[in-house]
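Next up: the structures, one after another.
Presented sequentially are two complexes of chain A, the first with chain B as partner and the second with chain C.
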Partner chain A sequence: MTYLAKPKLLSADAPRNALGYTRRDYEGAISTLCAGCGHDSISAAVVQACFDLDIEPHKVAKLSGIGCSSKTPDYFLGNSHGFNSVHGRMPSVLTGAALANRNLTYLGVSGDGDSASIGIGQFAHAMRRGVNMTYIVENNGVYGLTKGQFSATADKGSKSKKGVINSDSPIDLAALALQLGATYVARSFSGDKEQLIPLIKGALCHGGPAFIDVISPCVTFNNHSGSTKSYDYVREHNAAVNRVDVILPKAQIETSYPPGSLRRVVQHDGSILHLRKLGVDYDPSDRIGAINHLQERQALGEIVTGLLYVNSSVQDMHAHLNTVEKPLNQLGDAYLCPGSKALDALNALLR
Partner chain B sequence: MTRVQAIQNCNDFVIKFANVNGSGSSSANELFARAVIRMGVPVAPRNIFPSNIQGLPTWYEVRVSEAGWLGARGGCDMMVAMNPQTWDRDVAAIDPGGYLLYDSTKPLPQSKFRDDITVLGVPLTDICNREYEDPRQRQLFKNIMYVGALLALLDMEFAAAEKLIVDRYRGKDQLIKANVNALRLGYDHAKANLPCPIGLRVKRADAVGDRILIDGNSACGLGAVYGGATVAGWYPITPSTSVIEAFSSYCRKYRTDPDNGRARYAIVQAEDELASIGMVLGAAWNGARAFTATSGPGISLMQEFFGLAYFAEVPAVIFDVQRGSPSTGMPTRTQQSDLISCAYASHGDTRHVLLFPEDPHECFTLGAQAFDLADRLQTPVFVLSDLDIGMNERLCAPFDWDDSRRYDRGKLMTYDELEAGKTFGRYLDVDGDGIPYRTIPGTHPTRGAYFTRGTTRNAYAKYSELGADYVYNMERLRRKFDTAKTLVPAPVLRNAAQPTRYGAIHFGSTGPAMAEASVLLEADDVHVDTLRVRAFPFSDEVMRFIAEHECVFVVEQNESGQLRSLLINEGEIDPKKLVRVLHYDGSPITARFIAGKIANALSDRKVSPITTPLRKVAP
Partner chain C sequence: MKPTDINAPDYLHKVVDCQWACPAHTNVPEYIRQIAAGDFAGAYMTNWRSNVFPGILGRVCDRPCEPACRRGRVDKEPVAICRLKRVAADFKDDIHDQLPQPPTQKNGKRIACVGAGPASLTVARDLAVLGYQITVFDGGKSAGGMMRSQIPKFRLPDSVIDEECGYIAGLDVELRQDQWIGSLREVLADSWDAVFVGTGAPRGRDTDLPGRKEAAAHIHVGIDWLSSVAFGHITKIARRVIVLGGGNTAMDCCRSARRLGGEEVHVVVRSGFDEMKASPWEKEDAIHEGIPIHNYLVQKAFTHDNGRLTGVMFEKVRAEYDDTGRRSLVPTGEPDVHMECDEVLLAIGQENAFPWIERDIGLDFDRHGMPVLDAQTLQSTLPRVFFGGDAALGPKNIITAVAQGHEAAISIDLFCRGVALTQRPPSTGRFISQKMGIHEWSYDNRISEEARRKVPVKKLEDTLKDIKLEFELGFDLALACAETERCLNCDVATVFKPKLCIECDACVDICPTECITFTANGEEGELRARLKVPAHNPDQALYLAEGLKTGRVMVKDENVCLHCGMCAERCPTGAWDMQKFLLNIAHAGAEAQRS
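Then we have the complex of A and B:
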């Protein structure tokens, strides 16, 4: 949240990425969310991730549904086209956009109400279809714009600001994504940018359906004692399985790790994920293991974070549909219209 | 047969086939219809079928009409009764003096017949059991066999049907041989045992011309290919499913890259209609031509997205093949009952462009044109077909395409224009026609990007909840809708043989029945000018037509008079002036129905149909 407009002048020594852009070139309009909202940290992480990856801002399309989270695409990547669509229906709009032009980077931003309640059907089917996208759910367990109702990710037994105890079972979107065919699944916390930024970077490079469930506390309606989505609760119960570093193919690898503690994953675009193990022996290439781990730890009251699963040999929707390399929205008349001769031949068959 | 004279008609009769669905009868019945066409005589075939896969009754009706009337006629001159389940009603449906062809293998009591019709029995099952071992073959060839018998009974050219089989199964000699053999068995049996020919006959004529026979859904799918559609998001629903099947099959044929076999199109079967229209809007927002095909229930489900598309100004094409509603209603029966739900689809103040094709030819032309209109107007465009056009083959003018035609992609601001510093306001009315300029994602690194929302924004797409910004936007959208009036296809006027103060307005699949009704009325000295509306919003010509007539019948296939309501609402017409002629039992409207209603209404008004000329006869 920023009440003050950002200064127009930029200091000359602001860092620039390989394209010559500063971080400012990846920022958007001023946020209108509450001061301290976790979502603003996620927006900042998106800005940093795109800056670090040298992504051309206009080659990103950002799409969202309805809700606090879905407002955020206005607050980052101001040089990207954005589409604030229909509540719970971002996945289909993003799918259509991805069909039209396979060469852009698609970033879907949604919330727990938008994805786990009204939009759970579209969430599920976009994962199944293998849409090449980064799908971020800014998960606070609560409806903010309508003032504090539980969402479908609120934990059973957690307490609302008004003191109501939630009696419904929660939906774990990360577990669902694993089951439904997402090939990059992570969970993170908006209060941990060291963890979040590399996870977003890894997702943007992934090449298939990448899903990140980001616990993002609602400071106004869900940050009290008794909430399981508050800053304090998430910090106390965060059980990270790994730390990720994303290394672009062109970068020099300088970091060194103690032997045996590192797992290296090369994604389709050549980007390399360095996964540092943290305590537990966790294998992020084992989808079934990931689902089990999530369930086991959740039963213990822990919130598992980190890169839960990655499959680097991914095929996206365009591969399934066998579409041409050139984006469909750039095919000219001559490639699309069969012309009058074909029609004459067809007429002859219909007599 | 007693008392009643057997019907004697050449090239003008209705024959109906009563079958069980799933029995393979439809291709045999179609063979019959095409054999008549090959003799130069127009036919209008229609399927009457259940919402079921196998076992329920289904009918196929062929109207043979050298005069070229393609609307349903009503009545039945000859019944081919192949379904024991519906025997009684099928026999009862035959007009007095008509004919019954049936499978006489099993004797039926006299009480199962009528004494005012000609009964023609062929022991089809017997012959099949004698000729074929395989039960499936017995069933399939029984169908071909009764077509053979009909050729003999109706004095048709055997060679015409034989040639059709050869054309259909070209390269598959075994199939050709087997089918021709079955056809011959039926033909020979009828010749030897029945009073061939009967009173109904087909005589070679030259009344078909270069017309083609195709169903409207195939034509819509082809129109989408020619219109440049590359993305289709859809969900299966009768009677629209075959639009996508046709699009898919024509795309495989015409849009497969010859070098690498890859697809210049993408078709995604969505999880529901909400997702299908969502995909269409996403693709169209991103600069591809995109469409969906659906029917009434799908239109209901898509409502929220239609509103967003209208206000966010995203082009989209929706083929709505109308049927009886609701979801569990009459999905396999025809209606024109989605006009209101499409014209004003969604919450908020919305109004949409609708196109009304009359036949498969217009399904193709208006289908292709819809994509230009959607891009030009940056709004959803609905092509409102119906089951009668969509799922029945119809004789129509051949398809044509002007190779010099280029797609109208509308007001797209390019990289060069942005680079040159041209002002970009996404919702700014630069040209005064209400249509703003848009940019496609990825156009320019630093200019022309915008955040797409519904209405909480100003002309530059910046967040705004100001009333003045909202009003500016709504007034511009109104101007845009006025512009649409000048771009949509014009109505088609048909003046009566002599000047009259009566008019009739109709649209879509009512066309053929209306044209025939005019002729029936004229024979009774009742004269009515007709206007076929082809689009909403209504052009000035439509309102002029109403103004020029004292009384205007609005002929449509729904219960509430939806076109009439739209005319009253949009044209501020006195409701008394527009008289409803409504047909809505799920069967296609007939000329007899229209003519009867109009004649009755005029006699109720106690006015002489011949009135003082209000205009001179057109030279």
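Then we have the complex of A and C:
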């Protein structure tokens, strides 16, 4: 399917951010996904989040694996660094890139096949190593590129488009991320940008391993009445625990909410998360409570969304490994190869 | 805010900004597509049905459509609508077989039209095809009215006027040229079923400033002078000329003077440059021909040496605006300016004059000397007399005269059939889905990002030598086709069916101008402020639809929609469709034509 490129004509009223860019400046090539794919909404949410945060596009690296989801980095941030890696291997390629240059903002985009099947080991280790990244899984519960077989996140008992019942247990990537040490864990829905955009913004500002599981309906293979990842099903069973507003350090906006309904979280970079409680009394700083809440609600057939867990005193991989601050490509030959005298001194230390 | 009913009269018509702005409601996008498809005769006929004089208007129309053009809101300049009209006229083949045939059996009603300008000829055309017997009386040698007598030949050649007036004469309309009407009473005595007055605004405003009488031989009223030039009575002018006035007549005067031997031609205007009444492109053309325009100078006196004009004395003024935005010109107190010249052309306004209408025949005039008319029906206080064009509501332009001609024709037809004039035939609209397949539409939805094309002109030194040499060459085919691509097809409407929508946001994400928002409903003013791109243009409607599963509403700001159809291409359920909205504007005998 080919689509026309978006015309560049723009309304004079189109909003501009602090860098003078419009949202259009954060877009990429035209999407070739199916019309109505949830992934395109996630791309649009990434565009909006980067626009809102006044991110310079050339300071972002977007990496992905293989699959419908992993095609999407081509469709946003056309002026950023990008790497389309091997199936399921985005986390390790990203880890390498982050080790080489910590000055970029790392955005890993993956799908349920890429992260929960072939790449689940990679996913697990990126989380437990504490790579400073935003890890977005565009989760539709099916293998769209191979015509709609169940993926590892499909709910047990849900029906495929052909009518087959799924007999395998699902992997809950958000629960795994919580267990493995991610310090920012959220779940959202591609059809609810009001929730999704602030969650992406919070993740981009987080400063440690941030994971967002985004339920993203596959309109072609998984948007029917037996599906648990259709637009209708997710809207009906969405149990959001909170709403997030991200406030940048430079903006001083006073919000007025009834006392006790708002929780403030100051992140590492000074950005502030305002978490508005919705209904249940939910504590997003309690990791074990979060895991329990997810399990309980899932048993009731609900889909828990919102910012599930955030730990603002985060330490990332660079702190663990005590790496050099400068990007490796800027260190220079003299520093990287200090000569035989330095080698002798080092050897002497070990004698 | 209430949901939008896109079937409501005028809603989608207003979305087609050019068609809405055109007094005769010419279907602009349709004829531009016909040009793009190489169907020049079809494009000409689309024009002809609405505006009667495509070749003429394609050269000299006031183009109210172009400032309204949507393209002007998303790009630097609007589509060159007017000059594309000329393309249709220039490149068409013989169109006689597409013209309507007047019925051989007449309906027995006789109508007199006084004046053979655009308004009268429109009335004649609309009624002749219904079987009315039309007689047009005109004092000139050939039909055309002010189009022939006042517009210089280098802008509008006689051949174009001859051709388009000829189409009307060919509809069994009797043109009685050289027959000056001196008395309406006499006309009425001839038992016409109805009389249409389309005599224009024939009198140029004069002045009684000091020196006017003494130097009269060197001071001319602009429109009279233009018509003497048009008919070859005047063939030269002095070396130094001052044109007073800032309207289009002033521009025609100064450019004509330049061609008749005026080497130093200056235009002097009371107002500032931007407030001048002349169309921007006419000012550009004058400046292109080496004519300086001086602003904020008010003429005080004509200086002369024993009746030989030596120049004009001006007072310097500046514009001041009061709280209500009303402008007044206040003297600056600086010394007066004297500009030397040998001849002056006065282009300071036009007036109506009806010396030939007796004041005791039951036709009332107001205190400004204008006939008392019903603004919609254009009927005078003498029921069988109707007015149109500049004679009706004061000097405007050709396209307005045509539009009033259509209205008067409807009124005359109703009047002659004994139907109340208020029971006017309604305009009707029709929707045609443009969907041909996946991502395939029967209109070209690719948006050209090209800039507006300039119309090629003849070399300045050649065009200044010959007052009859047409200055503009018109678009060639390559330029014309490139310009047609700039049209946004605003008549291909975005039609939304909420029942089919699954709220996947695909349309919101793809819209290049971000004009679609799904949100909670609210009051219009508040809603406009919280759209994805706030809708700041209150003249442009919001398209609101309710009935979505989440209870939200779909709001589309019509202001900057490119009609590119991307929302419909991205929609997985067909909730959006692109449908051509064909507006059938009521003309005289709309009912008769159907039967």
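Methods note: the second predicted complex is superposed on the first by the 334 of 351 C-alpha atoms of A that agree within 3 Å, B and C clash if a C-alpha of one lies under 4 Å from a C-alpha of the other, contacts with A are read in each partner's own complex, and residues count from 1 in each chain.
Here, a contact is a pair of C-beta atoms (placed from the backbone, for glycine too) under 8 Å apart; a residue touches a chain by one contact, two chains touch by 3 or more.
On a predicted model such as this, the values are computed, not experimentally measured, just so you know.
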| task | Look at A:288 in the shared chain and tell me whether it touches chain B only, chain C only, both, or neither; answer first, second, both or neither. | result | neither
| task | Would you sort A:104 into first (chain B), second (chain C), both or neither based on which partner it touches? | result | first
| message | Which partner chains sit in contact with A:61 here, chain B, chain C, both or neither? Use first/second/both/neither. | response | first
| said: Per the contact definition in the header, classify A:223: touching chain B only (first), chain C only (second), both, or neither. | reply: second
| Is A:333 contacted by the first partner chain B, the second partner chain C, both or neither? | first
| task | Tell me which partner A:345 touches in the superposition: chain B (first), chain C (second), both or neither. | result | neither
| Touched chain A residues, chain B compared with chain C | B
| request: State whether A:280 touches chain B only (first), chain C only (second), both chains, or neither. | output: neither
| task | Could you please specify the touching residues of chain A with respect to chain B in the complex? | result | 25, 29, 32, 56-59, 61, 63, 73-74, 78-86, 89, 91-101, 103-104, 121-122, 124-125, 129, 317-318, 321-325, 328-331, 333, 335-340, 342-343, 346-347, 350-351
| field | Residue ranges of chain C touching chain A (in the complex, touch as defined) | value | 73-75, 438-439, 445-447, 449, 502-506, 508-510, 512-515, 533-534, 536, 549-550, 559-560, 562, 564, 566, 569-573
| remark: Residue positions on chain A within touch of chain C in the complex are 1-4, 6-15, 23-24, 31, 34-38, 40-41, 43-44, 190-191, 193, 217, 219, 223, 231-232, 235
| Touching residues on chain B, where the partner in the complex is chain A | 37, 210-214, 222, 225-226, 228, 230-231, 233, 254-255, 257, 260-268, 270-272, 274-288, 290, 304-305, 308, 312, 398-403, 406-407, 439-446, 449-454, 462-463
